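What follows is a pair of complexes built around chain A, which joins chain B in one and chain C in the other.
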Partner chain A sequence: MFLSVFFGVLFWVATLVLVLGIAYKVFIYWKVPAPLKIPTTPAPLTKRGVWVRMFKEVTLFYSLFRSNKLLWVLGILFHYALALIILRHVRYFQENVWLVIDIVQPFGKYAGFLMVIALIGLLLRRILIDRVRYITAPSDRAMLGLLILIGISGLTMKFVSHTDILMVKTFFIGLRTFSFHPLPADPFLIVHLTLVATLMLIFPISKLMHAPGIFFSPTRNQVDNPREKRHLSRWAKKLETQDKLYLHELDK
Partner chain B sequence: MADYEIPTVTGEDGIVDVPSLEKGSMGHLHGPWISKPDFQKELGFPTDFEMPAGVENYGDSNTLVENWKERALDKMDDLRHRYRSLQVFLDICVKCGACTDKCHYYIGTKDPKNMPVARQDLLRKVYRRYFTFAGKFFGKIGHPEFVGATELTEDVVKDWYNYYHQCSQCRRCSVFCPYGIDTAEISMAAREILDHIGMGQKYCTEIMGKVHKIGNNLGLPEAALADTLEGLEEDIYDDTGVLVELPLDKKGSDILLITPSADFFAEPHVDGLMGYAKVFHELGLDFTLSSYASEGANFGMFIGSYENMRRLALRIRKAAIDLGVKRIVFGECGHAWRVAYSFLNTLAGPWDFLDQNYPIPQHVLEITEPALAAGKLNIDKSANDDMVVTFHDSCNIARGSRIGSYEGGQFEVPRNVIKAVCNNYVDMPKDTIHDATFCCGGGGGILTDDLMEVRVKGAQPRMEALKHVTEHHGVTHMAAICAICKSQFTKVIPYYGFTMDQIVSVHQLVSSAIILTGQLSEDEIDDMEFDYDEAKERLIASREVVAEESK
Partner chain C sequence: MFSKFLSVTSSLLLLVFLVGVSGCGNESPQIESKITKALKKFDTEEQNTAHKAEMRKYHMDHLKHKRDLTMYGGIRTAEDSLKGCIDCHVPAPEGDKVVRHTDPEHFCTTCHAYASVQIDCFQCHADHPDKPESATATANNASMDKNLGIVADDSTSKTSTEVTAQ
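Presenting the complex of A and B:
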């Protein structure tokens, strides 16, 4: 029972931190003005074009493809495998599992291996390539280590030492109504869940914010139309309306 | 020639191999000369600091402003709340390393702090320490480095000053970053912070002061400018027998031509200016230069100061209003064009008093290219047959703006013009042109003699590409459409075994090939009835007659 209350509270906290933390960060990105038009050109001339550009970046990692083929392969492999794995895990939160989640199951199962392989590749890059080693902080390696351990503990439960997943499912569905059902006292499960909760907790305060952040990147999300449409930020407008040259001259 | 090793170029495939790290290889430098309080004052920056005794003292706390640490952090906090780019870019870099081999300064110097992400990290580390939960937490327990954070110390400030002046804000890294993180934005913010703690860069601030006092970066006063323009008219007259005017402050002209002041006397820039004048003359376009706004370049961008960039841009607005023009056209200048194309409407708009049928502002190539395509200019391509030309895409035009009406026009329009006036054109290798172009090594406020080592080494990737096409395709000349590129290359290419005159302006090629209406042959020029002064007097007199009659 201790286990289930502990993890119950932990996952509630982690979920709140994840959701509210990201929401807060996104709110800041949205609120801070972009005073100048700085798309990296050539850039789309229309809003629709910007959507296409962003779609290419988010789904195909287009800029990365131009930049570094090895990293692109590892990055695509990791992110798509992770996406499949997350979709596969949705079934633990649904009483009636959606069809698409059902379809994903066998793919998600083996995606775990691809994810771990890709992550090990990413970690090796950080160790073996001198330029990447130089820019790597301990936390960068720790984050890859965290993901690798999540993957390995998950794969172990699937392929080596089965855990009672029905019990796990009952536990998580119960959490929605604050009822704490028991969890299997399986060491792999405990490791797995602890690390996942950790990942959720650090998401909003770490570089993992690149996921929502890219949508706010002015070099990628701006339309190339500065001659046609005047772009003026709130703070810059004050200089005009008060006819001042410097911000420190503005009336408070 | 220098007390440092000049990189060697082989010309093999035109691409410099990615070097291994040489830590601290540029650490012996101390950044550019410091800006004195007088210059800082003119631009609205704090002045309560002592000038350092020598470069080795740059960044010492006794030469910084009082409470420099607090004030640096305050400025950083201010900027991240005013620039989404800064806030987002500081947060979302995952240190993937995609950018690490993309910077010409890294390739040329091998110093790891010149890798874009490492350059950003000089600032990001401090941001993380003081403005993020992770940095504050691990800072408190004494291990900020675990999350890539660091205390703000004098050494950090010294690194800022040194390495943020080894960035030409060319944006090549932003092309290859999966999130579009643009180191230029970080460099600009860093320079703005430095300006607020008594560590401005003399080259930029002194020049901006000249614009405020005199109207251009070179400090060329009105009378000297008028003289220079007359000299150019005379050159064209003596060369062609045609009086092509370069009017100054001519009220009621249709077009205000804004061009970098280097165009008034530097080589090969000035040949480009004569080229624009000839094109305007042939097309019957009525233009004028302005002595008040006799500068296209806007160094406010280099130091990341919106306020100063705007102040400079407002000169163009005032000149346009005072002269009563209908259009604004910019000459060949990369950074000027980025500020003009991308920012002018923001900084100095709205331009509702100009003729809305033309782009505002317009690039001179947007006039020349369609005119050539429509056959409105009489061209003798063989005039350029002594050259095999290649084209250097200037970074701020390639990645920070556009020329023409379609995406990527900035690559096609200048090439179309060159091909329309030259028989021999060859591109440099694919990874060194278009939006993957390498900076000349002198952009973004680096074009100063106190940064010569940075400039020479930073030019290596472009020099390698040029060497390749000279050896394999017989290229003799490289054309550019940026005053900084032209100045930087003419100064730096001798280090790599080329000669200064191998750099040409695009409109210089146009100027050579264009045959003006009524142009005389060499023999006819020798027998001309009037010299330039007489011809000009007659022109003015004839205009006065017309003006009298119309009354």
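Presenting the complex of A and C:
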């Protein structure tokens, strides 16, 4: 019972931190001024073009493809495998599982191997390539290590030492109404859940915030129309209407 | 800015906690009550608990081990046979009422649907026991063969549809 209450509270807190933390970070991203018109050219000339560019960027990692093929291969492999795995895990949180989730089950199962392989590749890249190792921070290795361990503990549960998934599902469904149902005391499950909760807790303060962050990159989300339409932020416009100059404001 | 964030977060936390406590229930999991009871009973409660704990995690490993022994090793024993599971966990047909693996009350399907795990066993194997009387069992086999397009194999000398080929 201690186990289920501990993990119940842990996952409630982790979920709140994840959701509120990301919301707060996105709020900050929203507020940060983008004073310059700096889309990376060739850039789309219309707003619809920007949507297309963003879509290509998010789904195909288009600019990464043009700059670094190795990282692109590993990155796209990891991200799509992760997407399948997350879809597969949705079954633990739905009382009546959707058809899509049913269909994705076997794909998500083997995507686990792809994800771990891609992550090990990404880690090796940071260790073996000198120029990449030089700019690698401890947090880069930590995030990769965390994800690798989550993947391995999950795969172990699927293919080697099973756990009672019915109990796990009952536990997570029960959490919605704060009723703490018992969790199976299997070591790999405990490791898996602890690591996932850790990931959720540090997500909002980690490099993984590139997920929402990509949408706020001024080099990607701006229309290339500096001549047709003057790029003027709200605060700059306010100064202008008061006949003030930004540089003079700085001197005050 | 950060203290504002903290205050918003803590107040939301409090809200969630209050909502949670007000909706706090200790109702037993729905799924447990839906699972069909087995026909036979263990002598002691411990045996029952041990059986549940083992089978909920490892039933597929047992069945696959059994399959490998039978198919590759030619060792055919009564232990861990799928037919044994089905005979105890799925009620025998009564008249026209046959519990099939497509029905939600089928012992296997209840959990498998809940956990979104596909069952492939019953594309070949029988998903319910034979009818109690052997006379009707043959008739039942015949009708099943018609329905499923499978051929009964009587080499085991039992009127079983478990060992069949497509």
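In the analysis below, the second predicted complex is superposed on the first by the 245 of 252 C-alpha atoms of A that agree within 3 Å, B and C clash if a C-alpha of one lies under 4 Å from a C-alpha of the other, contacts with A are read in each partner's own complex, and residues count from 1 in each chain.
Everything that follows uses one rule, which is that a contact is a pair of C-beta atoms (placed from the backbone, for glycine too) under 8 Å apart; a residue touches a chain by one contact, two chains touch by 3 or more.
The structure presented is a predicted model; accordingly, all values stated were derived computationally and were not measured.
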Superposition on chain A - do chain B and chain C clash or fit: fit
Which superposed partner A:232 touches (first chain B, second chain C, both, neither): first
Partner chain in contact with A:44 - chain B first, chain C second, else both or neither: first
Which superposed partner A:185 touches (first chain B, second chain C, both, neither): neither
Touching partner for A:250 - first (chain B), second (chain C), both, neither: neither
Which of chain B and chain C A:68 touches, first, second, both or neither: first
Which partner reaches more residues of chain A (counting touched residues only), chain B or chain C: B
Partner chain(s) touched by A:217 [first = chain B, second = chain C, both, neither]: first
Vertex chain A angle, Cα centres of chain C and chain B, expressed to the nearest 10 degrees: 160
Partner chain in contact with A:127 - chain B first, chain C second, else both or neither: neither
Which superposed partner A:9 touches (first chain B, second chain C, both, neither): neither
Which of chain B and chain C A:52 touches, first, second, both or neither: neither
Smallest distance from any CA atom of chain C to any CA atom of chain B, in Å, after fitting: 10
Shared contact residues on chain A - chain B and chain C: none
Chain A residues within the chain B interface of the complex: 25, 28-29, 32-38, 40-45, 49, 57, 61, 63-64, 66-68, 71, 75, 125, 129-132, 134-140, 142, 202, 205-207, 209-210, 213-214, 216-220, 224, 226-227, 229-233, 235-236, 239, 245-248
Residues of chain A defined as touching chain C within the complex: 12, 16, 20, 24, 91, 95, 97, 101-102, 105-106, 162-167, 169-170, 173-174, 177-179, 181, 184
Contact set on chain C toward chain A in their complex: 5, 8-9, 12-13, 16, 20-21, 23-27, 29-32, 53, 56-58, 61, 111, 113-118
Partner chain A, residues of chain B touching it in the complex: 18, 20-21, 44, 80-85, 87-89, 91-102, 112, 115, 117-118, 121, 132-134, 145-148, 171, 174-182, 185, 306-307, 310-311, 341-346, 349-350, 359-361, 398-402, 406-408, 410-411, 435-436
